[in-house]
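What follows is a set of structures to go through.
Consider the two complexes below, in which chain A is the common component and chain B and chain C are the respective partners.
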Partner chain A sequence: MISSIALCVLCAAVLACLMVGSLHLRLNLFLFGIETLFIAGATALTANAHGDASLFLIAAFIAALKALAVPIFLLRTSEKLNVHRDVGAMITPPLAMHLSIVLLALSFFLTRSIPSPEMIDGGWYGAAAGISLLFTGLVIMLTRRLAIGQILGFLVIENGIYVFALTQTLGMPMLVEMGVLLDMLVGVMICGLLVFKIQKSFEHIDVAQLRDLKE
Partner chain B sequence: MNCKAGLYGSLLMNTLVAFLGFPLLLVSAAISAFALGQKKSVSDKAMSVALCLLALLSAFAAFVKSDQVITFATSAPFLLGVFPLTFMLDGLSRLFLAILCLILLSIGFFSAGYLSHLKERISGGLYWISFFLFSLSMFGVVLSADAITFLVMWEIMSLSSAALVATDHTHHSVQKSALIYLGATRIASGLLCGGFLWMHSLCGSWSFSDWSFAQPQTVFPALLIFLGFCIKAGVWPFHIWLPYAHPAAPATVSAAMSGFMIKIPIYGLIRILIQGGLDSAALINLAFILGAISSFWGVLFALVQNDLKRLLAYSSIENVGLIFLSLAISLKARVANLPLVADMAMTAALFHCLNHGVIKSLLFLCVGSVDAQTHSRDLHKLGGLAKRMPWTMACFFIGSFSICSIPPLNGFASKWLIYESLFKGTLLLDAYLDRGLFLVAICLLSAVGALAIAVFVKAMGVGFLGMSRSRAAEHAQEASTAMRISQAFLAMLSVSLGVFAAIAMNQITKLVAVSNKPVILEAVNFPVPTSLLASMLVVLGLAVYLAVLQNSKVRTFKTWDCGFGPLSSKTQVSSDSFAQPLARIFRPFLRYETNSNISGSDKRHFPQEISVEVKIVSILESRVYLPSLAVISFLARGLAKLQAGSIHLYLLYVCSTLVFLLLIGAVL
Partner chain C sequence: MSEFDNHLLTNCSRWILFISTVIVLPVLCLGLIRKTKARLQNRIGPPLYQPLFDVLKLLRKGETLSSTMSGVFRLSTVVVVTTTLILAWLTPWLSFKPWSPHADLFFIVYLFALSRVFSLLGSLDSGSAFGAFGASREVTLGLLVEPALMLGLVALGLYCGSSDLKVIFSYPHQLGSHSNELAFVAGTAGVWTLVGISIFLSSLIELSRMPVDDPTTHLELTMVHEAMILEASGRNLALIEFAHALRMSIYFGLAAQCFVHAAAAVWHISALSQAVLNVIGICAIAVFVGVLESLAVKLQWRKVPEFVAYVVSMSLLAAFLVAGSGAVKL
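And now, the complex of A and B:
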């Protein structure tokens, strides 16, 4: 029987795969929010299972900041820039979505031999979900041409790392977790500002055209 | 006793800190002056004085107690990661420090005057920062007791010397030379790193004293280390960088590089491989053969050079070859259990390091004065300097005689020892192959000696005698007093090391015996009859003067011009024409070609224009190095396509690497 924590993180991984399938920014951000809510739920369930009060706090912060504030901020940014749909790069979204589902399956194989601690049940599912989120984030970054898509992919990668850490180590100390969250928030803010600047300087936010940084 | 040693240790530490801190202060002063953009505010005179002080102070610190092995490890804040920097001062490093200090002292005297001629072309701040870094790192390399410290100092030395080669970097040729030199040092450092890592994995220690090369499995790391040192020393076939770097660098830098820096690999060979008990016959034979070839190759190419500094650079290749040869002789004799021959050859090698250091820096400094006065080092534009620069000429002649091993000068003494060890080895060795090798080496050495005389007769005769070949040479002035003092100092050193060779060698063997692992087993007095020859020469000269020359009258004539009118400087023997007969003999090695073109309507009887062009192609450069460089740059261009500038492509790399690594982890 699969544990509820593992179910939550696997749902998050599947939602991330769904994100790949659409180029609409609004839908993507909505899916990202739900996905992060699932991760916050997994954190709360872990806190409940192990009686760790600080993890509840972290879960609340994740739900408030990552699941609500960040998507809303990015939504506002995209509306200000007047972009609603990504153009897509390299491979088409349906194909990319199938690729990320294949990667989800692959990540179960890849994490097979990662030894999980005794007290955690369903450590394998958690590790697989974490690695899968990591891959999905990379696939999102690969298949998006606009800078906002890159930020989104980066956030999914960050989620993946968090899920991996949560399910393998019962979460890091409160202080570290808080620091990471704060960093993420500031990072997103700066990225949002940079997107504005890029728009201003180049009159587009298409990263496929930013290829001068080579010798 | 213990207490005394501790007291002395702390005293030495204080001296070390003082003498490392003092120049660091100067360097920082130079840096700040440079950073402020006031390039002229770096006083060359102050810096020269500082360099002399550095040399004197460090010589004092090294020799204040010369009968002890002193070790020193840095404590907490001055660590390299978790490693302390360990230093050791024993007889061998004292000897090399002495050579370095002598050379730096004379360069210090020379610098101020010389640099004033280069004022417009170089930036003083950058030059002096690099020079002090270079000097200090050479001290560091010679003092280092473990591989990590050695590599760190070695890298600082290589990079700062590359910066010095590029001092006059506005010229295209200098840029090219600096890049070639940089490439050579990179490869050398890479090989050394490989060898050191390999040895660390075999011996489990970074300290040189724990490394033993007596086991068969250490042959490959020993080979890597040997090749790395060969590149840096400029041994054939890795000598390519030397004739580029030396002409490009200022004379002071060439003097330091040729005089001392190319001896550091030899120090490294002795410190690491020979003290480590290297006994692999293949490697010793390799050193023997490479040494023999590079001595011959160097002198052969020196013969056909027209740039004085290039000529001296090739001559350095020859002498490094000789030193390698005598090291190989010493190792062979040691393996064959002939301690006398081994010690003799080792003494010869060490003494030749000292002698060549003195002579070569003397010659480079003399060429530096000539260059400063005439703005040319091209033999086609020199000549007739004997009357205008008599002091420089005298010093250059002493250096040239010495490097041609004319008794009683110091070059003679060390070459005598090399010959003697070869002869003794030929008689005493058991293996016929080794005897044959030694005999061949004797023949080769005599050919090298003869060619060296030709090389320096050309340099002296074409450069200093006869008529001036250019306006600049005609109006040359004698170098400044300080420059002359520095040249005279080295020339005196050369003479006295030659005349009192027996004493000098005795001191060297005594000094080198102060070590945990002595390279010379018994300090024996080797008989080199230089003092006898010197006194005979003096007596003979006096006798000839008294008997013949004293009463003869001096009459002044004009040279007979065969009725053609006044002789022009074109009628003299030129550098090319002097070298031609010998170059023709060795045509296959040099790829020597002369194209003469005579034009005119009746060119048999009334030629209007005659032009002769000499062409030399370095086979090694055109057939080996350039093609391999082309292959490498072709491959590199292929690799550069990976860097497309596209974020998506980079993400794909990251993604596929991640999947790949995780797959490896999952499968294994």
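And now, the complex of A and C:
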């Protein structure tokens, strides 16, 4: 059985895989926004299914903060720093995309053996999408050299954890969700400031070069 | 009029329609691409039927043959044209074919490869250095694109439970007969769309169009397909050009069929409107290619494998979607 909730989170997982394939920051941020909108949609559908009003609020917050504010903030940061393209690390983006697609399939086979709560419709697909988002975030963090790419990978991992929690439980308490969202927002802001500082003191934001000591 | 006569009449009209499509559609595709490019460059551009006049003009012209040529050169043109015509007959690129024969997808992919091999032989036989250049690049492209195309078609085959393209492309999407409507619609539309994209992108590589090769280039060093037919002239060139245009409309037709099937999974589409949508789809793809060629720049040669990798990932996604949607028990 597959529900519209599961369909939404699967679309998010596929969009994350597409994100891996491009090094253009603008396209990446755009895809991240759409992906998060799908997750907000899944949250709203879950709220509808369980009749939980507070989840609607969380969906609205996710759409406003994670899908709009964070990408716009990161976009402005990248424009101020005058970086538009990552250089890429380890493997080329299309091959990384293959890797993440294979990991998407792998997470499907992994989650088949995880017992899913009976009362949740399509929880199995949700778990697969969550784990795949986690893997994809890792792939993004591994294949990016710029700090902004690292932040994006981290955000995708966060999305994965949220999707897993959303589809495996009947929704967390609103207070917890709000706290997590706020933490995430503040985390991204701090990361953005850090990127500025790194740029200022090292004149680049290439994390691969941060290993070398500088006088 | 008896039953038999009536049957004969419909059959004949279908054949006439099919044959005229095989002649008109390639011309229209090429014309549309050129017209779109011209309009985007603020030119009026040649009329849509100009490619037909070009071919007719070439047919009247004399031929110059290099002294190193053997019979292989002649043979290659004949084989290329014949295989393309056979492909036009076998491949389900049109919804309205008089008689759709059974055609295995592996057979089709290797018929395409056969025509490629013979155009290679022709260019090698001509003895020009540029021809050999083009041949070497064409082989590289062919090697790269074959797994992508094959994987996409095999995903479709697994989804429909047959390797016969006739069965695959006449696969009925019966709405309402499944226990889980949403999963069926999403899975079917997803698989067909992904495979459609993958066939379209691999057609750009197979036909040496823009992101991989510039078909209007004048610099022999950067040519792929054009370098291979440099030595052809007169009727030979006319036949090669026609075969290439027909190949193009077959590829675009296959992609358009995939998109039509994706749409048929979501909405109910009658057979007639499917046929109309098919032709509109081919024209739309041609216009899209024109726009793409005006906007995109040619990729560096060493970046081409990356472009192919994107095509492969589309096919991979389709294959995993098929595996995940439960059509195949892994």
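To be clear about the criterion, the second predicted complex is superposed on the first by the 210 of 215 C-alpha atoms of A that agree within 3 Å, B and C clash if a C-alpha of one lies under 4 Å from a C-alpha of the other, contacts with A are read in each partner's own complex, and residues count from 1 in each chain.
Just so we're on the same page, a residue touches a chain if its C-beta (ideal position, glycine included) is under 8 Å from a C-beta of that chain, and two chains touch if they have at least 3 such contacts.
This is a predicted model, so every value here is computed, not measured.
**Q** Based on the superposition on chain A, does the combination of chain B and chain C result in a clash or a fit?
**A** Chain B and chain C fit side by side in the superposed model.
**Q** Check whether A:I58 is in contact with chain B, with chain C, with both or with neither, and answer first, second, both or neither.
**A** The answer is neither, since A:I58 touches no partner chain.
**Q** Based on the superposed arrangement, let me know which partner A:L15 touches: chain B (first), chain C (second), both, or neither?
**A** A:L15 contacts neither chain B nor chain C.
**Q** Return, as a multiple of 10 degrees, the angle whose vertex is the Cα centre of chain A and whose sides reach the Cα centres of chain B and chain C.
**A** 130
**Q** Should A:V83 be classified as contacting the first partner (chain B), the second (chain C), both, or neither?
**A** neither
**Q** When the two structures are laid over each other on chain A, which of chain B and chain C touches more residues of chain A?
**A** The partner with more contacted residues on chain A is B.
**Q** For A:I5, decide between first (touching chain B), second (touching chain C), both and neither.
**A** It touches nothing on chain B or chain C.
**Q** Now for A:I148: first (chain B), second (chain C), both, or neither, which partner does it touch?
**A** Neither chain B nor chain C is touched by A:I148.
**Q** Give one of first, second, both or neither to describe whether A:F135 is in contact with chain B, with chain C, with both, or with none.
**A** first
**Q** Once chain A of both complexes is superposed, is A:V195 in touch with chain B (first), chain C (second), both, or neither?
**A** Touch status of A:V195: no partner.
**Q** Can you work out, in whole Å, how close the C-alpha atoms of chain B and chain C get once everything is superposed?
**A** When the complexes share the chain A frame, the smallest chain B-chain C C-alpha distance is 16 Å.
**Q** What part of chain A is shared between its chain B contacts and its chain C contacts?
**A** 109
**Q** Under the definition above, what is the set of chain A residues touching chain C in their complex?
**A** 1-4, 7, 14, 17, 21, 92-95, 97-98, 101-102, 104-105, 108-109
**Q** Going by the contact rule at the top, pick out the chain A residues touching chain B in the complex.
**A** Contact set of chain A toward chain B: 89-90, 103, 106, 109-113, 131, 134-135, 138-139, 141-142, 150, 207-208, 210-215.
**Q** Mind listing the chain C positions that touch chain A in their complex?
**A** Touch residues, chain C against chain A: 180, 182-183, 186, 306-307, 309-310, 312-313, 316-317, 320, 323-324, 330.
**Q** So in the complex, the part of chain B that touches chain A is made up of which residues?
**A** 640, 643-648, 651-652, 654-655, 658-659, 662-663, 665-666
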